[in-house]
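Given below, in the form of C-alpha cells, are the structures.
Look for chain A in each of the two complexes below; its partner is chain B in the first and chain C in the second.
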Partner chain A sequence: MEFWQNSINVLVLGSIYVLIAVGLSMIYGILRVLHIAHAGIYTLGAFLSLSIMEVTGNFWIALILSAIISGFLGALMYRYVYKFVLKEERIVPLIVSVGLFITMQDLYRIIYGPYKYPFSISIPIPYIRAGNFYISPLQMLILIITGIILIGLYFVLNKTRIGVGLKACANDSQMAAAVGVNTKLTIALAFFMGSALAAVAGTLVGVYDNSVYPTMGSTVSYKAFVVVVLGGFGSLKGSVIAGFLLAAAEVFLVAWKGFFLPRDAIGFLVMILFLIFLPNGLFGRKER
Partner chain B sequence: MIELQKIMKIDRVTKHFGGLIAVNSVSFEILKGELLALIGPNGAGKTTLFNLITGVFKPSIGKIFFDGKEISGKRTSQIARMGIGRTFQIVRPFGKMTVLENVLVPLGKSFYTNLSVFSHSPRENSSISKAMELLKDAYLDDEFDKMASYLPIGMQRRLEIARALALEPKLLLLDEPAAGLNEKESMQLKEYIEKINSNGISILLIEHDMKFVMNIAKRIVVLDHGSKIAEGVPSEVASNPQVIEAYLGRKHKKGDKNA
Partner chain C sequence: MGYLMTLGIFASIYTILAISLNILTGYAGQVSLGHAALFGIGAYVSAALTVNLGFNYWTALPLSILITALVGALLGLPSLRVHSDFLVLVTIGINFVVVALFKYTPFFGGPYGLLGIPRPSLFGESMNTFEYFLYAVGWATFTILFVYWMSKKYIRVAFEAIKEDEEAAEAMTISVARFKIYAFTISAAFAGLAGNLWAHYMGVIFPGNFSFSKSIEIMTMIVLGGIGTIRGAVLGAVLLIFLPEYLRFVSDYRMLIYGLIIVFTMIFIPSGLLGDRSITWKWTRIFKKGDRVAKNNEN
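And now, the complex of A and B:
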C-alpha cells in the first residue's frame, strides 16, 4: 500500500524533474552549452507567478504570463549573451552561464529580500482517495499540467516544422542554415520553449512547497544536470525517462528505512556511476 | 539582354583573414543553365569562395550578385532560401535523421521565417511525394527510412545533393562531390549531376579529379593562391601554361630564360 502512495510521489517529483530537464536538454542538444542559468529562469518563473498572482488574483493568468515572460527572457539570453560566446571554447559559455545564474539569484535577493514567500492557491480539484493511496489537489495539478505539456511538446517536436528545424540544428546547425533553416529563430524558439517550461516547473514547485525564495534554484541548477546526464545529453526522450527514474530512485530509497544517504545525494551517486560506466546516458549520442 | 543570361556575377571579390589573402579580386560569371567547374591546387581559395557565395563569410571587398540581386552580406539561410543549394567537401548529412527527413528539412523552407513553424506540418502528403521524387532521382528511394549516417559514402553524397535540390535552387554549388568515391560511384554521380543540369539548374563545381572535371564541365575557372589565373573551355584550360605550372610546378628546362 505504501508502494502505491510512493508511486504517486514518484510521478509528481518526476514531473518536476522532467519539466526542468527537457528544456535544458533541448538547449544542450542544439548549442552544446551547459545552461546553468536555466535554474535562474526556474526561480524567475516562481517569483513572476507569485507577483502576477498578487496583482490579478488568478493563478492561471499568473502561470501563463510567467511562462511567456520567462520564455522571452530565455530567448533574449541566447540572442544577447550566449550568441557572442558560442564560438569560444566550451568552457567560456559555461562560465558565462554560471555568472548569469549567480547574477540572477542576487538580483532576486535584492528585489525580494532573503525571505521565503508563501504561495498558496486554491484549485477546484477534489482530494482523491482510493483504497491504498490518495492524491492531493496540488499533486493532481502537477500531473495534469505536466501531462498536457508533454503531449503538446511531443506534438510540436514530431509533427511541426519547428520540430524538424530543431532536429536539423541539433544535428548540424551550419548545415541547417545552408539548407534554408532560419537557425537564429529556431534556436531562439528552443530557448523560449525550454525557459517557459522551467518557469512552469518553478511555479509548480513554489505552489507545492508553499514557498518561493531567491535560492530555490540552487539544488535545481545541478540536479537538472543529473537528469540530463542520465538521459543522455541532448536526448529529450532520455530526459523524460531519466526524470522519472531519478524520482523513483529517490523516493523508494529514502522510503527504505535502512538507507543512509540524504535524498539529494542519490542523484549524484547515480550520475557518477553513469559517467563512469555509461557516459552517453540512456539515449545519448556520442560526442563529436 | 545579356544581363538576364547570368545567374551569378562575382565582381572583384577579395577576402582576407588577417594578413592572409584567401581570395584576391576574383571576378567571373556563371551563365544560366551552365555547368562551370572551379579548379585549382589545394589552398587556392575555392572553398573560401563557396563560403563567400553562401554567406558563411562576408567579402572584404567586392560584391556577389545572384539573379540580379546583391547577396553579399546576407545570412546563410536567406541565401539558401533565395535558391542557392550547396554540398560540402566532407559529407554532412543530418546523421541522426532518416534519409526522408533529411530532404524534408529544406522542402518547407518558406515556413522557417515566421511563427508558422508551429502550425505547418513537414509531413504533408505533397511534401512526402516531392521528397520521394527527389530521392528517386538520386537512386535513394529504397533507403528512405534508414538513418542517414548508416549509408555508404556514395549514397550520402547523393543524399546531400538531393537535400540541396529540395531547396529548389537555381544554382547548385558542389564541393568535390567525387572525392572518396570509387569508379562506379563516380560514374553514377556524373550521370546524376548531368541530369540535374539538364533540368536547367546551373551548377558550380569544385573538383580535384581532373578526369571527372574534363568530362563534365562546359567551362572551367582556375584559381591559384586566391587569384583567377585562367578561364575557358576544358581543352583551352588544360593546355594553358600557367595552369600547368600551378598544378605541376615550374619547369626548369635548360635554356629557359624566363624561369
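And now, the complex of A and C:
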C-alpha cells in the first residue's frame, strides 16, 4: 500500500519538475543558454497568483493571468537582456542569468518581505480514498493540470506552424531565418511558453505546500537543470521522462531511509555523475 | 577602530578568495560558481582539527591548506570531461552537496556548526584583533605577490593557452589535463587559506556561511574588478566589502545590488573596472611614457 502511496507522490513531484524543466529545455534547445533566471519566473508566478487571487478571489483567473504576465516577462527578458550577450562566449549569458536570478529573488524579498504567505484554495474535487490509499484534491489538481498542459504542448509542438518554427530554430536558427521563419518572434514565443509553464508550476507548488516565499525558487532552479541534464539537453520528451525518474529516485530513496544525504543532494549527485559520464543524458542527441 | 579592523580582515580574506577564483576563472578559463565550497572546506577542516581533534593552530594551518588543495584537485577532475557552461552546473552542484555534507555530518557539528574555534596564539598569547588584522593583511600580501610571481612564469602562459583553445594548446604540447588540475589545486589552496583565516577569526562557523550565494559574491567581485587581473580582484573585493558598510541602503539590498552589478557589468563593461581592455585602465596607461598600450591608442 505504501508503494502505491509513494507512486502518487512521485507523479505529483514529477509533474512539477516536468513543468519547470520543459521551458528550460526548450530555451536551451534554441539559444544554448542555461536560463537559471527561470526559477525567478517560477517564484514570480506564485506571487502573482497569490496577489491576483486576493483581488479577484478566483483561483482559475489568477492561475491563467499570472501565467500570461510571467510569460510576457520571460519574453522581455530575452528581448532586453539575453539578446545583448548571445554573441559572447557561452559562459557570459550564464553568468548574466545568475545575476538576473539573484536580482529577482531579492526584489521579491524587498517587495513582499521574507515571510511565508499561506495560499489556500478550495476546489471542487472529491477526496479519493480506498483503505489506506488516498489522493488529496490538491494532488488531483496538479495531475490534471499537468496532464492538460502536456497534451496541449504536444499538439502545439507537433501539429502547428509554431511547433515547426520552434523545431526549425532549434536545428539551425540562421537556416530557419533564411527560409522565412521569424526567428525573433519564435524565440520570444519559446520564452513565453516556457515562462508561462514555470509560473503555473510555481502557483501549483505554492498551493500544494500552502506557502509562497521569496526563496522558494532557489533549490528548484538547479533541480530543473538536473532534470534537463538527465533527459538530454534540448530533448523535451527526455525532460518529461527524466522529471518523473528523478521524482521516483528521490521519493523512494527517502522512503527507503539509510541514504546519508538529504533529498535535494541526490539530484545534484546524479547530475554531476551524468555530466561526467553521460553528458548527452538519457535521450539527448549527440552534439558537437 | 576595532570595527575598521574587522572590515580590514574581511577585505583581506576576500582578496585572497577573489584572487584564488581569478587564477581558476581569469587565467585558466574554468568558470566556477562553487568556490564557496572550497572556502568552506578550508574553514571546516581547520575548525574540526583544532576543536574536535585538539590540534595546534600552526599545525592545522598547513594541514587545512593541504587538504583543501587535495580536494580541489579531486574537484578539478570533472573539468577534464565537462566544458564551459556545463562545468558551471557541476560546480554549483558541488557547492550544494558540500554544504549538505557539512549540515548532515555530526562530526562537523551539523546545522549548528562548530563553536569555540581558537584564535592563533603568538608567543603563548592568542592574537588580539589588531594582531590578527596584520596577520590577515600579511597573508593577503603574500597571495598577491605569489600570484604576481606566478603570472610571470610558464604556468600562466599554459593557463592562457588552455583558456583560449584547448585543442590548440594540446597541439603545442601543453598538457591540458595537467594544467587544469594545477589551476584547481592552486586555487583551492588559497581558498583553503582564506577559509582558515575566516574560521579562526569568527570563532564559529555554520554550513550557511558557505552557501551558493557566497560563491556568487566572490564571482561578483572579480566580474566587477575585471576578470583575469590581480588588481581587478583586489579592487572588487575591497569595494564590495567596504561599500555596503558605508552606504546603508546598499547593505539592505545586498543581493539585489550584486545581481545588478553582474548583469550590467557583463552587458556594458565586460572587462570590468580595471580589466586589461577596460576604458578606465587604458586611460590610466596614457600617462605612462613609452607604454605600449598608449602607443597603440595613438596609432
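To be clear about the criterion, the second predicted complex is superposed on the first by the 286 of 288 C-alpha atoms of A that agree within 3 Å, B and C clash if a C-alpha of one lies under 4 Å from a C-alpha of the other, contacts with A are read in each partner's own complex, and residues count from 1 in each chain.
One rule holds for everything that comes next: contacts are C-beta pairs under 8 Å (C-beta built on N, C-alpha and C of every residue); 3 or more make two chains touch, one makes a residue touch a chain.
Worth saying up front: this structure is predicted, and the values here are computed from it rather than measured.
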Look at A:I148 in the shared chain and tell me whether it touches chain B only, chain C only, both, or neither; answer first, second, both or neither. neither
So, A:L189: does it touch chain B (first), chain C (second), both, or neither? first
Once the structures are superposed on A, label A:F268 by its partner contacts, choosing first (chain B), second (chain C), both or neither. second
By the touch definition at the top of the document, which applies to A:L278: first (chain B), second (chain C), both, or neither? neither
Who wins on chain A residues touched, chain B or chain C? C
Touched partner set for A:N171, first chain B, second chain C, both or neither: first
Based on the superposed arrangement, let me know which partner A:R161 touches: chain B (first), chain C (second), both, or neither? first
First (chain B), second (chain C), both or neither: which does A:V55 touch? neither
I'd like to know which partner A:I128 touches here: chain B for first, chain C for second, both or neither. neither
Using the touch rule from the top, collect the residues of chain C that touch chain A in their complex. 31, 33, 78, 81-82, 84-86, 88-90, 92-94, 96-97, 100-101, 103-104, 212-213, 216, 219, 223, 253-256, 258-263, 266-267, 270
Complex contact set, residues of chain B against chain A: 54, 56, 75-77, 80-81, 85-86, 88, 92, 94-97, 101, 104-106, 108-109, 111-113, 116-123, 163-164, 166-167
Would you mind writing out the residues of chain A in touch with chain C in their complex? 34, 81, 84-85, 88-92, 94-96, 98-107, 109-110, 218-219, 222, 225-226, 229, 260-262, 264-265, 268-269, 271-272, 275-277, 279
Write out the stretch or stretches of chain A touching chain B in their complex. 156, 159-165, 167-168, 170-172, 174-186, 189, 285
